[in-house]
Structures are given as structure tokens and as C-alpha cells.
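Below you'll find a set of structures to go through.
In what follows, chain A forms one complex with chain B and a second complex with chain C.
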Partner chain A sequence: MLIARTLFVLFFTKGLPVTVYLSLLGFVTAILVGFVVGLVRFLRVPILRGLLQVYVDGMRGLPFLMVLYFLFHVLPFFDMRLTAFSTAVLALTLHTGAYISEIVRGSLLAIPKTQHESAQSLALTLRQRLQYVIIPQAVSLSLPPLAGQIVLHVKDTSVISIIALTELTRVGRIQMQTNGQPLLTYAILAVFYFALCYPVLKLSIGLEERIAKKFR
Partner chain B sequence: MSIVEVRDIHKHFSQLHVLKGISFEVDVGQTVVFAGPSGSGKSTLLRCLNGLEKIQRGSIQIDGLSVHDHKVNLLDVRRRIGIVFQQFNLFPHLTVLKNITLPLIKAKGIEAGKAKQIAMDLLQKVEIAEKANVYPGNISGGQQQRAAIARALAMEPKVVMFDEPTSALDPELTGGILEIMAALAKEGMTMLVVTHEMAFARRAANQMIFMDDGVIVESGKPEELIENPSHERTKRFMQEIGDK
Partner chain C sequence: MDYDFSFNIVLQFLPYLLLGLRNTVLIGLIGVLSATAFGVAVALARLSWFKPLSMSAAGYVAFIRATPLLVQIYFLFYGLPEFGILLPPFLVAVLALTLNSGAYAAEIIRAGIESIHKTQYEAADSLAMTYRQKMTYVILPQAFRKIFPPLVGQASYLVKDSALVSVMGTLDLTKSATTFQAITFRPLEAFLPTMMLYLFIILTLIYGSSFLDRRLRKW
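On to the complex of A and B.
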């Protein structure tokens, strides 16, 4: 039981803070990227729209691990030396941002054309229509899938252990090698991830039900 | 003095020729009812008038502004001409009150307190003042349409268009809406109304325009067109409507 206690303490003090910090920071920047990319693609801004589609399709078509490796090993060749942490945040932002942009775009597209027309007919400018009519409605539609995306995002941070960043998974792997107790170690690690993700999953389902009710 | 002038407009949806040379004028304070079978282009015509649809030929003047002229700001046109839709199209995330004050504040630059005053006065007029702080999803269709009418009127437009305003309502709710519209016509509002309610046309309209297949078949006093139409197509339509 001593091993279990040591593991709990280590996960809690060394791994969890990094995983949580990485997840939150990466998600906030990914939301910013996703919102801008999704909005630009929704508005079909010429040129930008095509470039961003390449970005989104690229990210969605590549494994996260490859994106991470690419940034970690290729950027230094161009004299861009980022810390492991910065590389991780950048990779998460680019990767999750692409998925979020699709959620944003989909939510904007889901608002009926009649809402646009009614706002247009009331002499609102494009900016006002988006700001006061379309985006507020799209935001509530996007919350459940966004919550689902957070879960995927948190789980993706596990891959980051590969570039020697001491987050939860890496702490677990190192401990397993010294204590020789893979089952116990990974079981406790699983508890940590599950405790992080499950409430968000529940939240996502709850939001879905609430919104379904509201828009019925 | 005419406030709406439509001259020989043509509208195509790719291959489909929807409006084939429509011309008419509406004088200040007049109510014109547009009738005709579905697909005859009535709704499209209204949507061309406030620039929701582009036209390929012809011209439309609203209160002296050329709607489809690139030099004219569509926002100026839309501040002059309101529209009430068949499906109400209220903003579901805003209360009834906010639905009305939002465009007042943002599109007309009216200060929030004043906007609320205007909105409440109009809600009183359409008899749903007690629903001011309720969301559209929680009131009946008839009440939603009242709110939509109040929202259009709050902008103080010179012309109001109604696109089948009672078609989505239960029969027992249509009367109240038509009542409000008739009162509005009597007050001297200039109105363009697409509707199948012939009783309303007789009672409130100065002129009726019968459309079919993208053209105006005939126009005249409502009672003439309803009782004694000169064209076969109008006659057939009035019989079909009458049978219902």
C-alpha cells in the first residue's frame, strides 16, 4: 500500500498540475483559433477560406503524435527552438483548434437562414447580425460538442509524455519502471484521467439535454 | 403620391424565371393585397422589395430610394420598410421585449430606456404586454406573430409587408392578427400583404393584385376581383379559395 500512496502523491503533485495546466492552456488557445477559423470559413472569406480549409483538413487527417513530432523535431531545423512545454501547447492548439473550428462552423451553419433574413430585414449590419443574433444562438448549440472535445483534448495530452514532458502519463511510466507494478500504477493513473474526464462528459450530456429542451 | 414603385422587375433562380416583368405602384396610406396560387411569386416579390432577393432586371423605389442600386445603402431601405414573416422569425434567444429593443438600439441608435418605452407601448397595442419578458418558445404562435408585428412597427417603417402572416397559425388565432392588421390599415399605414384571407382583403385593402406564374394577371378593387374577376385564372382561383 506504500507504493499506492507514493503513486497518488506523485500523480497529484507532479503529473496532475502539468496535465491540467497543459489541457486548460491548450484548450483556451484552441478555442480562440477554432473560433476565428470557424467564423472565417463560415463567412467564406475569399483566399483565407481556402488556406484555412487546407489547415483544418490537414490537422484532421494527421495523427496528433505526428504533429507533435513534427513540431518537436522539425522546427529546430529552422532555428525555432521551443521548450517541450511550448511545443506541446502549440501542437494541442493547432490540433484541437482545427476540430473546434469545425464545431464552430457547424454551429453557425445550424442557425436557420430565416434568422439571418429576419435580422437583415431589421436593418442590422452583418457585424450586428453575427454579434447579437447568430453567434449567441450558435454558442449554445456548440457547448455540448465542445465539452466532448475537451475530453478528447485532455486525453491527447497523454501523448505528450513522449517528448519528455512530465505530465500524468510520463510520471506513471517512470514509476512503473522503478516499482515493477504496472497493474497498480496504471490503474491509479486511469483513476486520475477518469476523474478529469468523466465530469466533463456528464456535463456535455447534461448540456445537450438542456439545449434540446430549449430549442424544441 | 406613390411610396412604392416597382417597374418591370424580373427575378431568376438560376434557370427558373420567377418574376416576369412585374410593375405596380402603391400610394402612401394604401393597403394592397397580393393573391394568387402558391408558386406564383408573391413572397419572392416581397423579398425583392427589401433586398432579401436580388433582381436581374427592372427597378424598385421605396420612399424614393432605389433598392437595387449599388449606391444606395440597403440598411436605409430596410429602415423604411418592415416585414412580418409567415413563420414569425423571432430571435429565440431573446425575450419578446429584447426582440423589439435590439434593432431599435442597434439599427436606429435609440437609447435603451426610450427603446423599452416604445416596445412596451407597441406590446400594449398588440395586447401581449404581459409577455414582454417571456421567450418566444414559450408563447403561442398567435402571440409570436403579435410580437413580430410589434417588432416591425417599432422601427417606424413607412411601409410594412406581411408575407402570409396567418398561414402558420391555428384558425382560431388568425382573427386576432387580421384585426390588428385591419386597424393598422385604418390608421393609414402603407401595407403590402400576401394572404389568402379574402375577407381581410375586402375589409381592409384598397387594391388587390392577382398574380400567377410570375406575372400580374389583373388588379383592381378587392370586391371586383373576388366577385367579378375578368380573367379565367382569377375566377378559378377565387372558386378554389371559396371552396375551402
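On to the complex of A and C.
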């Protein structure tokens, strides 16, 4: 009965739906940020390139919790009163976006020089070179790490429960406090995350093996 | 709108900041050592020919990789007392990070050992090396080169993840900053120095890892 109740609450109330929504929304915006930042750094656009490196290193060098706390407590002082949800999406976008930009840049750099040269020998413009030759090849290379990043991203959303946003982890915690069964409640909570993340993790490993075979 | 940043308040914060730094560094050091040792054990279990052992190791790694560290921390922190095991938060923090990071370290170590080509074993065998000679002179030196740089990278993740142990009340860097923030209502003075310290530790490990990778590859 307790198990059924906990499952029901996590699944139907603000638990799972909010976590899924937050993960999807955050990841879509993070891909946009990551693509632009990664491309700009790949093209070595002067000035912007340096600024963006500071941004990427800043995000890679800070715990997600610190980014979240910083935005949550500092933004109101500068007259930016965001809801907990918007702060969470902003933090996820900035943090995951930096990691995705590294994936984008790495995949673009992995395309051999000969591809650039042969595209140039066909008199393609920079834009055409990127659009028809480089980026399509880079996309398939970037898929396995991107799938891996989705797993990290979904797991990071659990941290957001700390700033009192009601999502899966927080609903689980509240359940634990009312039913007094931490082992059972957190085991069920872990199963929810496992069900979300494990298929994507498997997909990432599978894609990576396929690419490794292609290049052997 | 305008926030007047006060260095006086930063000075007041300094003793707490240093205490937090000390604990974060301690948790990081102990965590890295125990996670590596645990990772070796899990990797060996995964490579074992004994199916139940290798499968349970694989299951363990998958479970850790697919669930959030925060849920793992809550599980240990609230779950261990159910078994009558009462540990101070500092030890629960180290335990949680060891169990979590150990699974990732195991993957790194396993990949490193598996990446050594079969021909290397055969070549060592054809020189009539004993198992011990084969391992110490041929396999492990090559595996070490592949394992060490990503392990340093994993250490950067461990330090980053250690911020989460602040939710149990462990006085690490994050906890010292949030406590000071809550008392003084001065977020910039509390968070900026803390973030600087995190950036210094974590970026050193990240860039150290890629430097080692480049160095050891040439070797």
C-alpha cells in the first residue's frame, strides 16, 4: 500500500512531470547555446572566442549547485526577480550549454583537414562548407556524447530540489518525511531516475560502439 | 540595484571560508584515494571470468551512473541509521563520494586495461615472460598511461560533486558560503571567494588531466 502510494505521488503529482519538463526544456535551450558557443570557438572568432572560453571554463570549473545558488541569491539584488523555475532553467541552460559547446567543438575539430580542403577545392564558401560538408559529419560524431550529456543533465535536475522547486527529488523527500520510510522511498525515487536515465545511457554506449566500428 | 561590495565582510567571512576549504580538500583527497581503490576492485570484478561477480559489478556501475548523486546521498544519509549505523556527516560524505566516484573510476580502469591489444599479451608470452613479468613490464605500464589522465579528470568531478554533501550539513566550501550568506544576506561576498576557490581547484585538475594526457601519449 505504501509502495503504491509513493509510486502514485511521484508519478502523477508535481514529481515526474516537472522533472521531465524541466529536463527537456533545459536541454533544448542548452543545445542552442552549446551549438552557437561551440561553433564560435571552433571558428576562432576574435574577442568573442576569449570571452566564451572564460564562460565555458567557468561552468566546467564550478559545481552546478554553486551556479544555482549564485543565480538564485544574486540576481534579485540586480532587480531580476525570476521564479525558482526560471532560475532553474537558466542555470541548467548555462551549465549544460557549456558542456555541450565542448562536445560541439570537439566533434567539429575531429573532422579531418582533408574534408575542409576538398570542400575548398570545390570553391564552396565558408557557410556552404560548414553546412553541407563539416556539420553533417560532425553531428553523427557528437551523438554519443550528447546522449551521455542528457543523462548528466537529468541527474543535475535533482539538485534543483535544493532551491525549493518541487520536482521528483523534492516530492520524494516530502514523501519520506511523511511516511518515515527513507530506505523504501529513496529506493523508489532511485528507480524513477534509473528508468529515465538508463535507456539513454545504453543508447549512448550503443552509438559509441557503432562509431568506433565505423572508424576501425 | 547597485550592490556595494565590501571587502570588510569578505574578511569576516575568511575564517569560515578557510574551514570550508579545509573540509572540501580533505573530502576530496580521501575521496579520490578511496574511490580509486574501490574503482580498482569494481573493475577487477567486472573483468572477472566468474559471471555472477562480473554481472553484479556491471549492474552496480549502471545503477550509480543512472541515478543522481543527491538521491544516493539522501539514501545513505537517511537509510544507514535504519540499519543502526550512525556515522558523522563527514564520513557519510566520503562514503557517498567513494561509492559514486568509484563506479566511474572502475569504468576508466576497465577501459584502460581492455584497451591493451591482444598482441601485447601474445608478444610477452612469446618472450616466455611469467604472468608477473608480463603484467609489470608490459601490460600495466601501458594501461597506466591510459588510466591516469582520466582518473585526474574524475578527481575534478569528485570535487565538483562534493558540493552536494553540504545538504547533509557537512561544513564544506558550499556550506560555509550558504551559511554566511544566510547570516549576513550578502551573497556576492559569500559566493565570489568560494567560487574562486572551486574554480582554482577544479580547473587545475581539468587542465592537469589534459596536460598529463598529452605528455603520457608521447612517452
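In this section, the second predicted complex is superposed on the first by the 201 of 216 C-alpha atoms of A that agree within 3 Å, B and C clash if a C-alpha of one lies under 4 Å from a C-alpha of the other, contacts with A are read in each partner's own complex, and residues count from 1 in each chain.
We adopt the following convention: a contact is a pair of C-beta atoms (placed from the backbone, for glycine too) under 8 Å apart; a residue touches a chain by one contact, two chains touch by 3 or more.
None of these values were measured; they are calculated from a predicted model.
Novice: By the touch definition at the top of the document, which applies to A:Phe70: first (chain B), second (chain C), both, or neither?
Specialist: In the superposition, A:Phe70 contacts chain C only.
Novice: Contact-wise, after the overlay, does A:Gly61 reach chain B, chain C, both or neither (first, second, both, neither)?
Specialist: second
Novice: Classify the contacts of A:Leu189 with the two partner chains as first (chain B alone), second (chain C alone), both, or neither.
Specialist: second
Novice: On chain A, which partner touches more residues: chain B or chain C?
Specialist: Residues of chain A touched, chain B against chain C: more for C.
Novice: Counting only touches as set out at the top, which of chain B and chain C does A:Cys197 meet: first, second, both, neither?
Specialist: Once the two structures are laid over each other on A, A:Cys197 reaches chain C alone.
Novice: In the superposed view, which residues of chain A touch chain B and also chain C?
Specialist: Shared contact residues on chain A: none.
Novice: Going by the contact rule at the top, pick out the chain A residues touching chain C in the complex.
Specialist: For this pair, the touching residues of chain A are 57-58, 60-66, 69-70, 73-74, 77-79, 151, 154-159, 161-162, 169, 172-173, 176, 182-183, 186-187, 189-190, 193-194, 197-198, 201.
Novice: Help me check something: in the complex, which residues belonging to chain A touch chain B?
Specialist: Chain A residues touching chain B: 114-115, 117-125, 128, 132-133, 136-137, 140, 214-216.
Novice: Taking the complex as given, what residues does chain C use to touch chain A?
Specialist: Result: residues 1, 3, 62-63, 65-72, 74-75, 78-79, 82, 160-164, 166-167, 174, 177-178, 181, 187-188, 191, 194-195, 198-199, 202-203, 206 of chain C touch chain A.
Novice: Which stretch or stretches of chain B touch chain A in the complex?
Specialist: Residues of chain B touching chain A: 50-52, 75, 78-79, 82-83, 85, 87, 89-93, 102-103, 106-108, 137, 151-152, 155.
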